[in-house]
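You will see two complexes here that share chain A, one where it goes with chain B and one where it goes with chain C.
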Partner chain A sequence: MEPLLRVENLTVFFGKECNHCLKTTGPKMETNRCRACGTIVACQDVSFDLFEGESLGIVGESGSGKSTLINVLHFKTPAKGSMFIRSEFLPSSLKAFLSNHRDGYWSKNLLSISPYHKKRLREAIMGIVYQQPSLGLRMEVSAGGNIIERLLDAGWRHVGLMRTKASELLNKTEVPPERMDEPPRVFSGGMQQRVQIAKALVHTPLLLLLDEVTTGLDLSVQARVLDLIRNLKNEFGFSMLVVSHDLNVVKILCERTIVMRYGRIVEAGLTDQVFADPIHPYTQLLVASRL
Partner chain B sequence: MMLQVMDLSKVFLLHLLGGKEIRGCENVSFNVDEGEFLLIKGPSGSGKSTILKCIYRSYLPTKGDILYHSKKFGKVNLASISDRMVIELRRSEIGYVSQFLNVIPRVPALEIVLEPLIQNHSILKREARKRAEELLERLNIPRQLFDAYPATFSGGEQQRINIARALISNPRLLLLDEPTSSLDERNTATVIELLKEIKNQGTSIIGVFHDHQTVMPFADKIFSI
Partner chain C sequence: MKRLDHIEMFYNFAFINDEVKREVRRAIFKAIAIPGYQVPFGSREMPFARGWGTGGIQITLSIITPTDVLKVIDQGSDESVNAENIKRFVARVSPGIGITTDTTQATIIQTRHRIPEEPMRSDQILVLQVPYPEALREVEPSEVETRRMHAEGDYGRMWLYLYEDIVRFGEVRISYRYPVRVNEHYIMDPSPIPRWDVPKLNMAESLFLFGAGREKRIYAVPPFTRVEPLTFEDHPFRIENFNGAKCKLCGSFDTYLNEIIMTEAGERIFLCSDTSYCKKRRKQLGV
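Let's turn to the complex of A and B:
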């Protein structure tokens, strides 16, 4: 079994780095701020595989590097290290540019391709949903317009077709289609989140990145969003990376879980194993603190 | 031989209690053949569930091997194969029934039962639905509960949903952790009848039961701790 995505040794520094950065940070030092130069080491040597149709959870407290990791995968934050996708999953228009000509099985290192190709690859295979809807949506543009924007980017021009597609997607994410001409600004929090999910699904992504999607929603709305994501995943079969500080969210959505602390992976395993038999002291603390 | 447990030990190291060690089970060895039912007996706290959870990999064994002859990968050691392989085996070959239902909010009973089939992508949703309905009916779940959310079900109903979910994908190896603890006599008999059937079809079963007497007659082997 070969993974869909392979991430190796991701390292992210915020600040000017020095020789002491890696030695003075991490779970053992209980900080991610370099003592010598003040640089924040947001991620260090983060490696994992993601398989087709799999959902991988990433848990940890705030500041552990979870969101940084998502932003690196979404090509928003530059990082050292490498990230490969299996060539057969590259969109056909990019295959010639991005597959690795030496072995042909894996793509080139996606962290070092040109910004233009990063943008096109992102458009073609990724969708992202943020905790704050305002990061993923234009709040003043209509809900339908938010979705049409991504279709325009992909070269669609027929207004009627685009509107049909937008209303289909909103319907799938349980947003009443008759409200597609209203801006998300006037929607409730749960509905804004569902518009965001619709926007992320425009091009039927291979990889869906979820960054604390249910944080701040009340319980019944939270259950509805989680249920929606589960159903969409069963329908479309995409892979997911689920970042959350809420262990229950990860337990419901994910088969495997990674636990991060101060930018490092401290434990990785099957979700039920991580929760039932945590090995690392920090994971034991995390599980013991669960409500 | 289907499963071979050799010298299995599990020790929990509790860092929050200053590195206290708790022994789950020690040097456990047994074999299970195809279509065989192994009953694990012992006082509570003696590590019966621990053995089952180690085989299912909900616990990481501290020491020992768990050799399993899988259809998909051949002979594998469940104590050391990758998480991804465990997921594949759980989907298609190894079933586990715990005492409690892991309730997922806002998902109806029928969906919970047929989900493993859908994830296998091997079957149409309509057929999966039919099989789930048949199974629930056999387990005496009233039809009107099929579309209800199990969070509000009684303990016995939840337990039967759990059993249905494990049985629907016809596992080759079935691990039972007190699956009948909150069932009445009639339902216990139904469950045992079902278990006999799948055992005759070649499924190996390893089980822990609170009342051994009811299952003793159809156990092939007994392992006492």
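Let's turn to the complex of A and C:
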């Protein structure tokens, strides 16, 4: 099987970078702040493949570069390195612009395409769910409107059809569709999170990015949201990138796991393997320190 | 008469000097080349208060020549203070031009809030005064962000705004400044014209120039350009409905009407908003 998405040597600096940045940071130095210039090296040489229909977990403590990684993949943070998607998965309207004409198999480097194409691609193939619903949702707009925004971006112009589609999605994410005209700020936290998931999935994306989705929800709601995501994945068949500091979440959702520390990948492998037989000392610590 | 000599001695034809004219004309050319795109320009201080048509007057003065015939309207009226002042000013600083109230005779029409009822011809230019050139301002307060939205075609939020209106009120509430899509590309603010006038922009024979003096923007709709109001397939665009009311003076029912309350009891009449058209019609009918 061939990967859907290939990420190579992703490096993100926050600040003016110097020659010492890479040498003075990382797990060995136990910091990600450059001693010489104070630049934060949020990610360095992060490479991984994501397969079709696979879910990949990224774990690590806070400040390890997990969320930066997701933001880079969502084209929100600029980065060095490269990111390719298989040309056949490009939306037909973008194929002419984004396929690599020499290769044909992989697309162009998605980190260096124009902001316009980044936006189009993001709208066509990606969905994102944030930890705080207020980041992913417009709280002043109705829940239905939030979901419909994605359809409007995709060019839908029929209110009736869009509302049918939105209520379908709300039904699937277990939000009562009769509340679709209320703004999400009157909803409970779990319900807001489910509206966010509906918004991320309404245009049937190829890739779903989950950034700490269950953090801040109580345990029973966490279980329901995780269950929901798993069921939706079976139904839609998208690939997933799950960022979490909660090992249980990754254990439930993901087949493969990457462990990050100070912006570097310290260990990667099958989830069961990483958690049952951790090799890197930090992973061993992480697994042992589970509550 | 003495005053006129003074103006002729110390001022260029049409008040502003040639360098500024060239700059404004360049902005106009660029605006015509990219329909609906807001071109920034160095808006000058005019002997008017900001908000009284300084953007429109700069365009008018930059394009006017001694053979032009000018008409100025304000909310459809030729006689309002704003229209009279602009007309008098332009006539004084550009000797030789003609002034008219007849739409068919004019070559340049500067207007605020209305497009004349009589269809415009290809040898005519309509200059609109614009208070807020940014159509996306309703949904996004930041100028940096709206420019990015225009550049990326990120118009989902504008559509969402219309959708929310439909959900809450059953239809889009916007009565004037109805957002339009120009040449299937940029979303543009057609200046505060009523919905009634929006279809007149579509595939029109004449050139439309929009000037915003305070916001320092010029944009344009060239002749024969598609201008479509933003609408949903199942909620078509609708112009104002006067429920069969007629103009009290000329009796027309196919023009944009102003409603005027006459008595304290609430008795009201309707009058044509376009006064010169109304006058013409009355003459023809012999009323």
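Annotations
Going forward, the second predicted complex is superposed on the first by the 291 of 291 C-alpha atoms of A that agree within 3 Å, B and C clash if a C-alpha of one lies under 4 Å from a C-alpha of the other, contacts with A are read in each partner's own complex, and residues count from 1 in each chain.
Criterion: a contact is a pair of C-beta atoms (placed from the backbone, for glycine too) under 8 Å apart; a residue touches a chain by one contact, two chains touch by 3 or more.
Here the structure is a predicted model, which is why all the values come from computation and not from measurement.
Once both complexes are superposed on chain A, the partners chain B and chain C fit side by side without clashing. Contacts of A:His20 after superposition: neither chain B nor chain C is touched. In the superposition on chain A, contact is made by A:Asp277 with chain B only, not with chain C. In the superposition on chain A, A:Asp153 makes contact with chain C only, while chain B stays out of contact range. Touched residues of chain A were counted for both chain B and chain C, and B has more of them. Shared-chain residue A:Ser142: touches chain C; no touch with chain B. In the composite built from the two structures, the nearest CA pair linking chain B and chain C is 36 Å apart. Within chain A, no residue touches chain B in one complex and chain C in the other.
Put simply, chain A touches chain C in their complex at residues 115-116, 119, 138, 141-142, 144-145, 148-150, 152-153, 157-160, 162, 181.
Contact residues on chain C toward chain A in their complex (touch as defined above): 148, 151-154, 156-157, 159-160, 163-164, 166-168, 231-235.
For chain B in complex with chain A, the touching residues are 12-16, 53, 57-60, 83-88, 104-107, 115, 118-119, 121.
In the complex of the two chains, the chain A residues touching chain B come out as 1, 3, 49, 51, 54, 223-224, 226-227, 230, 234, 237, 252, 255-256, 268-270, 272-273, 276-277, 279, 281, 284-285, 288.
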